[in-house]
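Following: one structure in structure tokens, then a few remarks.
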Amino acid sequence: MVELELTVNGKACMLKIEPGERLIDVLRQRLGLTGTKEGCGEGECGACTVIMDGRTINSCVVLAIQAHGRDITTIEGVGNRIRPHPVQRAFVEEGAVQCGYCTPGMVLAAKALLDKNPDPSPQEIGAAMSGNLCRCTGYDKILRAVQRAAREVTGT
Amino acid sequence: MKKRGTGLGCTWYGTGYGNGFPDVSSAFVEIHDDGTAAVLTGAVDVGQGSSTVFAQIAAEELGLRPEDILVCSGDTDVTPDSGTTAATRQTYNTGNAVLKAVRQAKLRLQEFGARKFSCPSPEGIELKDGMIGVRGDPSRSMPLSELAWEARLLHGERFISASSFTAQTTAVNLENGQGAPYWPYAFGCQAAEVEVDTDTGTVRVLKIAAAHDLGRAVNLTQVEGQIAGGVAQGVGYALLEEVELAEGRIKNPAFARYLIPTALDVPEIESMIVEEPEDTGPYGAKGLGEPAMLPTIAAIINAIDAAVGVRITSLPATPEKILAALAEKQRGGSGG
Amino acid sequence: MTSVIGSRVVREDAWGKVFGQAQYPADLNLPGQIYGVVLRSPHSHARILSMDVRKARELPGVAAVLTAADVPRNSHGVLYRDQPVLVAEHIRMVGDPLLAVGAESLELAREAAGLVEIEYEPLPALFDTEEAMRPGASPLHPEVHGLSNVFYHLPVVKGDLNKGWEIADVVVERDYSTQMVDHAFLQPEAVLAHVDARGNLVIQVSTQYPHYDRGEIAHALGIKVSRVQVKTLSIGGSFGGREDISLQLIAAMLAYKTLRPVKMENSREESFYSHCKRHPMSMHYKTGATRQGKLVALEARIVGDAGAYASWSPNILRKAAIHATGPYEIPHLRVDSYAVFTNNPWTGAMRGFGAAQPVLAYESQMDILAQELGLSPLEIRLRNIFRTGSVTATGQLLSGSVGLEECLQKVAPFLRQEEDKE
Amino acid sequence: MEFFQPQNLTEAVERSGLDTCFLAGGTDLVLQLREGKAKPQVLVDLSRVTELKYLTAAGGCLEIGSMLTFAELGGSELARAKANALWLACQSMGSPQIRNQATLGGNLANCSPAADGLPPLLALGALVRLVSRRGEETVPLAELLSRRPLLEVGTLIRGFRIPDQGWKSGFAKLGRRRALAIARLSVALAVEREGNQAKRVRVALGAVGERPFLSEALAEMLQGREMNEAWLEDAAAAAQQVVASALGSRASAPYKRVAVSGVMREAWASLAGGEGTACG
């Protein structure tokens, strides 16, 4: 067992874990943050996307211990019904949500993009969202939602 | 070299279980004391949006906002059986059941309203914008919330209903296939523009224009969502996806090796809606779920032929098959 | 107030989904739950000679090891109950479920499954539909489906085919084939089952049809439908892949047996093996048209690989036959459609349900005919499409709501003419 | 399994041995651990070893630390200017999430046939800086790739050194889809120009055989010639021969030996400074 200290959604967490535990399992099982989804278990679908120190990662191919001392944002830390994040509002209003299983990862990928680049081009949006698979929407409304959120963020 | 071409795909799709199998959906409706309503059906929303469609139907009938409708679905202890979420049948089938059930509850409301407002017939009572009252006479109306409350607490009157709808088809004759196996039928056409790299055989789908006759669009956002999602699956089916088998064992049971389209593989999509109303459908609606992906398959394959003059006859149209066909064509084969 | 029909109402669960609050079965837990796993067959066709589960049962932390002997009524299926909950003897495909283990942890359950000793007798297997169709081919389901692997055949016959060929000026004949594909919904199967305070089985799952699942669970366990509750949670896509019952049946059995809450979750690999696939079809098409571009004759043979179990195959191959003409009027035709058992993974419902595969064939034929006749792809279709009043291959009158011509006209501007070609 | 997080290079090297495994980004290793393909007693996490995270141009070379991620390299203007082929590979490798985590050192250590980082490094003439208890060693990547096993026990990849000779480089990869694609073929090309002459050329191929490799034959055929349409056509045709002989009778050979011509053309078109457009 090793000591793991990390910040999750702004809260300091201390846990004892096995070194081989994946970040996704610690988030879902130990911290109860089930908004992070597992779709493929091999870093190919992006459903388990979380933001670590400002960058998106697939939490299914990262060991929890690799997050030691780092800052993690999961979907639970992004917004709520009273104060939704612009990306979340845009996803709802554009109709970018169908089955919803890819949605948390998509929202985080979009948030990470807009945090760095509030005014992305359509190409930049496509590239930023290309690590997240969706089987329902055909991506069309997801990409539009990111554009809409960008407009809201930049106030244009 | 990169060459472009366009292709057309034109399809039809019989919705529902079909073949005379009793295709039944059921719904329960309850008007709450505050004038909101609950719709209970077994129909599950797998992401396509059936629950939203049912809320819209109830809201339309009761003069409420969709957010005032609680849709409870897919719990066998609570909801009636509404069949499977498949066969492009929920908008049509369960939509019809919801419509019938809501209209029953509505009729009870209208009857109560007719007595309340001394209106000679329930048909004279209108439900609109959260109000119930005599059609054309705003002075004889009240909020539905007050009427529902009053009905229960002062008169013990409830507005609760249950109904079922069964689609009508006949079984085909097993000797010659004759019969009326499906109803209604949905139709669709798509045009694809592709770019084929003649060096690598790679196909890029640049654009899909999709027109679908779905009877009536109940929710435009969801219709566009179904079309775009269908196109993406059609792109995957036509170009990318294949479960590879070796002696019955799946060689690629993983997302690293079973590839579905990413955001960058899906073309620009222009969706167009054709509303040729179906008399038996709720507000004329037929359905769209499955049909959305069908024309994509042919539009892409035909566009490849238009671009480079080779006809791919086995799916998926991989770069390997396209290069082989191009080589065959150069050797003077038919390419087909 | 404007009509809400035709508007852009926001789906009611979208907010819960963007906040990560929507619950899929893997997100649920109950105190005291155990974890279930299924051991699946590595063989495509085999007989189980012996199965020794003692070591697995004795492993500390194992709550139950279930085999076919523990299933009161060991069958399920959407049309025919030809699929075992757990195989007793006859394995028909790789991935057939052989036994289920419930244990205190997932790792322990996997370890226990690994301790089961099974002796197999491999049997000759059929992977090719043409081979499986041959007279004398060993039948895969003699008990339920008789002595042929061809367990469904529908001919659709209309008009006089000989006359059709006589009046055809151009005849085009090709073979087409489509591949096996997976639904690839993003959410792998998962379930939480428990026996509640009423003594009823409660199954929380993502399914396309909870009432069907309830019936299958009650049937397999030999209990009344009113003692089973199937509750649908959020569903991470389905596309037909959640029609045949899957993990929920096994989780229900484990919960019923152990009286512990049982959680089961598929990995992506397990998911590939635990739901059906889209039918690969081979299609032979011969289509005739007049010089004026009118379709006059069609002869088609469609063979669908059903894999090891029937699932929806008869309905799917029926749908393929009925839709084989495409949305076109053809006066003289014969279509033969067959569903055939093989030892491949079983195939069933997937978006399009048998009407997807023939699209490749009938729409390719249209373009080839157009080329032969010197017509544009648009023109040949306009000369043949269904309109109100058309009669289909099965003799059905399309009495209304046929919006195909308008669809064609809407996409026509997006088609490039020959001369714009690069 | 134990976990050890060295704070510096010395600690990392001291702790390494038969039963240890270095953890870089982990995007491949975590899967191998789960599948039981890697079973180390000790996992040595390199993420705190700051000596492995650098990107500088010094002494006529571009120096790249092994723990630099693909995203960091792909976001670097310095890398773009000095090692365009590598920079391009960093744009298309895996997905954004993988690029944020996966490192160039890990890409070499894992050494998949389709490793996106290796053909560009080969074409750019990269040297690999290795470190072990015995000290440091600097080896040309091409030579390292001929070693079996690639790395001796206890050897750590410290970084990469790319001589800044003013060569122009490009990279193209062929995947089955436009993102999240494993390379089915990749070509990296580096050219030292003199006027319109290709004075010296290096061509590396990926996903053709067990490990990426430099093709001497292609280089010899292409250098000392004017870079024109014929030159490119010869390059494409010769690449086909190289692939054909490298793949022999493998199932993928009939396709790849033809398709490589297109990848070669794209690699040329991607050459920094717009050379590619001159005749591409």
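Labels for the chains are A, B, C and D, by order of writing; each one numbers its residues from 1.
What we mean here is this: contacts are C-beta pairs under 8 Å (C-beta built on N, C-alpha and C of every residue); 3 or more make two chains touch, one makes a residue touch a chain.
In this text, all values refer to a predicted model and were calculated from it rather than measured experimentally.
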Practice task
Write down the chain pair with more C-beta contact pairs when A-B is set against A-C.
Solution key: A-C
Problem - Distance from the mean Cα position of chain D to that of chain A, given in whole angstrom - result: 29
Fill in the blank from the handout: Whole-angstrom distance, CA centroid of chain A to CA centroid of chain C, is 32
Exercise for the section: Could you put a whole-Å number on the gap between the CA centroids of chain C and chain D? Expected result: 43
Handout entry: Interface hub residues of chain A, defined as touching at least two other chains
Key = 39-42, 44-45, 95, 98-100, 127, 130-136
Completion exercise
Each of the following residues of chain B touches two or more other chains, namely 46-47, 49, 221-222, 230, 233, 254-256, 260, 262-264
Completion exercise
Check: chain C positions touching at least 2 other chains come out as 8, 10-11, 13, 184, 235-239, 268
Handout entry: In contact (per the touch rule at the top): chain pairs
Key = A-B, A-C, A-D, B-C, B-D
Problem - Residues of chain B touching chain D in the complex - result: 197-202, 204, 240, 256, 259, 261-265, 319-320, 323-324, 327
Practice task
Would you tell me which residues of chain A are touching chain D in their complex?
Solution key: 2, 18-20, 22, 41-44, 46, 49, 52, 55-58, 60-63, 65-66, 68, 109, 127-128, 130-133
Handout entry: In the complex, chain D residues that touch chain B
Key = 174, 176-182, 236, 254-255, 258-259, 261-263, 265
Practice task
Would you tell me which residues of chain C are touching chain A in their complex?
Solution key: 8, 10-11, 13-24, 26-27, 183-188, 234-239, 267-268
Practice task
Over in the complex, which chain D residues touch chain A? Could you list them?
Solution key: 1-3, 5, 23, 26-27, 30-31, 33-34, 43, 45, 47, 71, 91, 94-98, 100-101, 178-180
